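To keep things clear, I will list the structure first and then write my remarks on it.
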Amino acid sequence: MTTRGYTATKDQLQTRLRRIEGQVRGIERMVEEDRYCIDVLTQISAIQAALDKVALGLLDGHVRHCVTNAAQEGQSEEMSTELMAAVGRLMRRG
Amino acid sequence: MTTRGYTATKDQLQTRLRRIEGQVRGIERMVEEDRYCIDVLTQISAIQAALDKVALGLLDGHVRHCVTNAAQEGQSEEMSTELMAAVGRLMRRG
Amino acid sequence: MTTRGYTATKDQLQTRLRRIEGQVRGIERMVEEDRYCIDVLTQISAIQAALDKVALGLLDGHVRHCVTNAAQEGQSEEMSTELMAAVGRLMRRG
Amino acid sequence: MTTRGYTATKDQLQTRLRRIEGQVRGIERMVEEDRYCIDVLTQISAIQAALDKVALGLLDGHVRHCVTNAAQEGQSEEMSTELMAAVGRLMRRG
């Protein structure tokens, strides 16, 4: 099994994801307590920034390992198409 | 206590947030199982789209209630500044 | 004719737009001269940031004048819907 | 001189850039004519979408040519860092 691009930083990735999960729960509590809309929105922006960081970390690992290996094995066409589709979704946010 | 802009749609908001929380946990599992980077990225884009929807829903309620009430009470300066700062953060994603 | 939200800052807005027009022409020249892809991309990001600033300036004027006046005249429903559609497009970038 | 990633599609790229330049001039006219803020904002979103398309086209060519060649020549570290910085700027819009 080829090592995933992010394997080396797996712990760091999971720590960030658990923190994001906690932030989402925090927003649920804010809504439950009828907290002011702008304060809830501020937290959502913080989660989006954290998710972007996770996404860029994953993409970085993917480029350095999967994309590079594929290029060296002469298999870069499909890999490039896949990478660009992922970048497009991240830019359009969904 | 003035009703929060989102009070009317609170249940819907909390259902969406719980779903997003579940999606984040889903990504934690994918990383744990060394799933392919692009598949994880696809899920992150889905969460970003869902978060944007929640943010726009909150902002909508805020504009229709808090911003409108403040304008009718001649208090719109500060409210407009706050609203624009929130829109700026959402556009810059954090 | 109701004053447009941005009327007060019209000169500033037009100066920015002319600068952006010049930046786009600059990219045309870079492509003509086969300049390195990453350098062209860096210029595109600079234009996007400049366009966001123009958009936020327009939105700010719109909220402080058009949205506020409509609320005071009890006409905020349609105005809020229009505002939120514009914010949605800006967040999704198109 | 190594062929730029976008050399093959240069005409298409320049056509799009000239169209965007025209759209920016169009907005200058709208502001000059005090057109409604939301209509101007709609045009800005259209330009942002067009710029994103140009950026993704450039990035695609860069990945398929420059990044792939570098990987095959064992020079992917710096290239990956450069690519990821460009993607980060595009996601953060500036």
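Each chain gets a letter, A, B, C and D, in the order it is written, and its residues are counted from 1.
To be clear about the criterion, a residue touches a chain if its C-beta (ideal position, glycine included) is under 8 Å from a C-beta of that chain, and two chains touch if they have at least 3 such contacts.
All values reported here derive from a predicted model rather than from experimental measurement.
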With centres defined by CA atoms only, which chain is the most remote from chain A?
C
Rounded to a whole Å, what is the gap between the Cα centroids of chain C and chain D?
17
Distance from chain D to chain A - Cα centre to Cα centre, in angstrom:
22
Centre distance in Å when chain A and chain C are each reduced to the mean of their C-alpha atoms:
28
Residues within chain A bordering two or more other chains
52, 55, 59, 83, 90-93
Draw the chains as dots and join the ones that touch; what shape do you get: line, ring, star, complete or other?
complete
For the complex, which residues does chain C have touching chain D?
1, 4-7, 10, 13-14, 17-18, 20-21, 24-25, 27-28, 31-32, 34-38, 40-42, 44-52, 54-55, 58-59, 61-62, 66, 82-83, 86, 89-90, 93-94
Show which residues of chain D lie in contact with chain B when the two form their complex.
91-93
Please name which positions on chain C make contact with chain B in the complex.
52, 55-56, 59-60, 63-64, 67-68, 71-72, 76-77, 80, 83-84, 87-88, 90-92
